[in-house]
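Beneath this line is the structure, given in structure tokens, with notes to follow.
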Amino acid sequence: MTGTTMLEVEGLSKRFGGLAAVDDLSFSVAEGETFGIAGPNGAGKTTLFDAITGLTRASAGRIVFAGDEIQARSSHAICHRGVARTFQIPAVFPEHTVLGNVMVGAYFGGRSRGVPGLGFDDETVERARDAAAFVGLAERMEAVAGPMSLFDKKRLMIASAIATTPRLLMLDEPVGGLNPGEVDAVLGLVAKVRDSGVTVILIEHVMRALMAISDRVMVMNHGRLLFQGTPADVQRHEEVIRVYLGTESASDAVGPGGGDA
Amino acid sequence: MASVAHETRASVGRLMGWRSPNAFAVGALLIAAAALPLIWRNDYVIDVALTALIWMVLNQSWNLQLGIGGIWNFGQLAIFAIGGYVAGLVSLRWGIDPWLALVMGGSAAALVSAVIAIPVLRLRGIYASLLTFSFAEVVRLLVISDESGLTGGSFGLSGIPGLAFEGLAPDAKQRAYYWIALGLVVVTAVFIYVFIHSPLGTALKALRDSPAYAASRGVSPMKMQVITFATSAFIAGVAGAFYAQYYGTISPSVMGLGPLSLFVAMLVVGGLGTFWGPMLGTALIMVVSEALRDLEEARLIVVGLILLLTIVLAPRGLVPLLQQGWARLQQWMAEDDAPEDGPGEDVPENKPTPQQEGSR
Amino acid sequence: MLETRDLHAAYGQTRVLEGIDLTVGDGEVVIVIGPNGHGKTTLLRTISGLMAPTSGEVWFAGARVDGRSPDLIATDGLVHIPQGDLPFGDMTVEENLVLGAFPASDWRGRGQRLEHVYGIFPVLGERRGQRARTLSGGERRMLALGRGLMREARMLMIDEPSLGLAPVIVNEVYRHIGTIMRSGVTMLLVEENFSHVHDLDARILLLESGRIVREGTVAELEADEAVMATYLGT
Amino acid sequence: MRSFFQAVVSGLVTGSLYALMTVGMTLIYGTLRTLNMALGAMVLVGGYVSWMLFSGLGWGPLAGLVGAAAVTFAFGVVIQQVAVRPLIGKTGVDFEMTAFISTFAVAIVFANVALEIYGARNKAVPPVVEGRLHLIEGVSVSWHQVVMAGVAIVMLVALGIFLSKTRYGLGISAVAQQLDAARLMGIPVQRVYNLTMGVSSALAGIAGVLLASVFFVSPNAGDLPLLKALIVAIFGGLGSVRGTIVAAYIIGLLEAMISLYFGVKWSLPVLFVVIMIVLLIRPTGLFGKPEEARL
């Protein structure tokens, strides 16, 4: 991992009415690192993602990505800078096909296009096809996304994120609600993305998956940083166990992922 | 090399789920439409058909926003009328050549729509409908109460010069207008077909179904929707200008609640968000409303009831129903030919809403 | 009092409940434990009618209720305190509580029922004029419990009372649940963290991937190391 | 100066009328997520009922008010069952948009049925009471306007009490704020929807009776009230009942001032521009809640 910092979050807060969903949070992620985020329901994990990617405006604090401040930027501008994310509740463009979904990322994600042209250039089509193949949806590019299974939708989200050629990939519960086989498949994908040099930040409830893939893990509780360290330290840290790990459920989470409050 | 490019282009279309209309049917339809004024020489029927063509252009432009873009604009009639008034005034007052007036009507409409686009596009769904609906009503009431002679008040403008076919005999002139109207419909259809399948159209549909997700993939919501708003308004403005030039008059009555119900019925019955919907819906409702011509008041009651029944029973309109029926028919035929490998095309029967309720 | 027979439920394609046979006798307290996202909340929502099961039956107080609308089941005496409290944010604490006694039979007696609830939860009494939105997490949980007690309950279902609360408040919530249990009302409780319930005397069911995998009293389960290691790891 | 007070007085009167019509729209949107475009038709029905009762049977205005309220209540329930209920729970379709269109279709049917039955001619209805009340030198208001404001305010107060004190009143707010919790409390949601539509339509019907003698009754008598109600709804934001009432009075006064200084013709366009400006600053109106419209 090179020394440069990819993402720097400083004193970030996000308040809804009186409730501080994210409360004066500071952490940084180095380039090429895989950074895991854990914490009980309602710890503010997804709100943190929304603030970083411009879905919601931070109430206070700074977010610096690759050297420039993005806490006031709109989500499409942040995407153009090289940040791509997936969503906890799988989001797809239901009436578009698999290729259509990935094409949106491929065409609009890379860099800001002035006025969109009338056709898809071959380079974009190629990138979209590769991204779809990368997640194993090569044969199903014609299928309409709406009625697809949870596993396919999660892979599709990752494919359209990769198609934007991101420098930072943010995954919100990539394996939540998947069966063990599917969990391993997605972990394999994330590992491949990481090995290609992309920095990855992921939120995950499934401890086995989070610990296996993360270089460093941050545990959040009530919007604040509880602990930050290597997966091994985190699992031994008694405060984390009391507040979060509680039932050391070694079994995999099956069924849809636990939602964030 | 070219063949490869061609092959990938065709397969990209298939993979993107673009239904290329089968050329034969479209060709036949076009020839029939073009031949109509020659076969059916009754100028009343041609007049109705011509009006239907103008409404088709307007509805296609409206569907671009309402159906494909999910932009809740209920003020398109005011945009249409502005196109008509500007074209009328420009040629009446400044003697501008009617063909140029046509384009100026469209551009004026696009300009006005760009102004109201900013507040409208910032609004959440229902507020946009309220604002645009009120905009159309306010424009109508403003024109009606205008005594300054600019817009001719509730009587509107009259004596608007036509598209310079003065030399032709009346029925020849009508046929000329008819073919131009048909041309406008075809040009608009081609433009919208290309638009839907362009990156802009793809992004628009993405914004309609999952705005946050689309934005996180680099689609700028405001830019895409303003471009769509303005292009759709330009088309509606041109349609309005052509309407004014064909009839020689334009009055605020074109913007009332009655016409609005007629057009919304055409859009809903046809199928919002589909390519063929606006054209099919316009044709059907025009036939119905002409059939009821002598009933006068009852005409709008029936149209209102049709709209109510359609939106309640088949909110997605006829075109999706026909497409599913056609697909099932093909499946059924496919099963007959090759029973063992089963139907190819998977038809999405009922689309679950994308945001399934997350369970704990 | 409650019986489910081979109950299945799903969200779109995602199957959540895979055949649940659960019985709760009169006056009995049953607690369902299981990790997040394994169908605990879906189980309660299917029983109270908020969600329709894909197959199987739900019997409450001797009558079959699956398919009936939730307000009718509620009026029959099933009180379901939902996950996340779902308060009426813009209404005052008192208005929230009073709505807990909406059915005609309870509405008349709402006056002294209200005093009874203020007795159990004094904090609600102090904040009776405040909008529910302005309450803290713990106070909201008290409000949800109080709202549930405003009605004559044949059975009380509580969905994850410890969700999102700081440990000290969780203890206080469970202290109240203890007093409610002692009043003898039939109860079905759903909880993710076994450590919160191990001092309550109740029948425990372990729910995993939409199926009940183990059953027993607190003592039996604590004695069984295999279960402790995999499921209840304290 | 006197004309200023005159404008203020008439602004307050129209403000109470707008409140009467728009509060129903907010109630329905709060509970049913439906922007009821057929509310204007209820004003129309109120007008014709009072005209029929008056010219047909010679009954007094009180009977007109009660009759109109009853008829419009019934229509409100029917419209909910026919145009809104079938749409609830339909997947793959945007509920708010389809309900907006279905209630609009109902409005069109009502307007044209009225045209068919009663013809296009305006129907005159005498004011509830004759004569004018002279407040201060040069500033007077007709007794009918006093009655209009009075009835409107009484109705709004009654609505306020109903919503905050009675069982079903609280039920309406509960359904609006948290549907699932309301159902778990034993609140019959369909009955609440019918009640909300009924009450709101009755209020609009009463407004129709009051407006009948001022603007005559004609098949498009529902269009202008609908437009004004929409403008008040946008301005106030479909958030709270109280917010809507305040917005109604602001719009009433604003309109009176504009027509005083610019002339009646300009009241609507200037009002519309004011709305556009408000929306640029607060996209959900003055009192609207950003995330979800709540009561």
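Just so it is clear, A, B, C and D label the chains in written order, and each chain counts residues from 1 on its own.
The definition used in the following text is that a contact is a pair of C-beta atoms (placed from the backbone, for glycine too) under 8 Å apart; a residue touches a chain by one contact, two chains touch by 3 or more.
On a predicted model such as this, the values are computed, not experimentally measured, just so you know.
Each chain's centre was taken as the mean of its CA atoms, and the one lying most distant from chain D is A. Here B-D and C-D were compared by C-beta pairs in contact; the pair with more is B-D.
In this assembly, the C-alpha centroid of chain B lies 33 Å from the C-alpha centroid of chain D.
Chain B and chain C have Cα centroids separated by 53 Å. Chain centres here are Cα means. That of chain A falls 48 Å from that of chain D. For the pair chain C and chain D, the distance between C-alpha centroids works out to 42 Å.
Touching of two or more other chains is recorded for residues 11, 14, 16, 36-37, 39 of chain C.
Shared interface positions of chain B, i.e. residues touching 2 or more other chains, are given as 351-352, 356, 358-360. Shared interface positions of chain A, defined as residues touching 2 or more other chains, are 147, 255-258. Residue ranges of chain B in contact with chain D, taken from their complex: 70, 72, 116, 118-119, 122-127, 129-131, 133-135, 137-138, 141-142, 145, 257-258, 260-261, 264-265, 268, 297-298, 300-301, 303-305, 307-308, 311-313, 315-316, 350-353. Interface residues of chain C facing chain D in the complex, by the touch rule stated above, are 48-50, 69-72, 74-75, 79-80, 82, 86-91, 95, 98-100, 102-103, 107, 147, 151. By the touch rule above, chain B contacts chain A in their complex via residues 5, 8, 12, 14-17, 194, 198-200, 202-203, 205-206, 209-210, 212-221, 223-224, 227, 346, 348, 351-352, 354-356, 358-360. Put simply, chain D touches chain C in their complex at residues 164, 167, 170-171, 173-174, 177-178, 180-189, 240, 294-295.
Of all the residues in chain C, the ones that touch chain A in their complex are 11, 13-14, 16, 35-39, 84, 133-134, 163-164, 166-167, 192-195, 208-210, 229-234.
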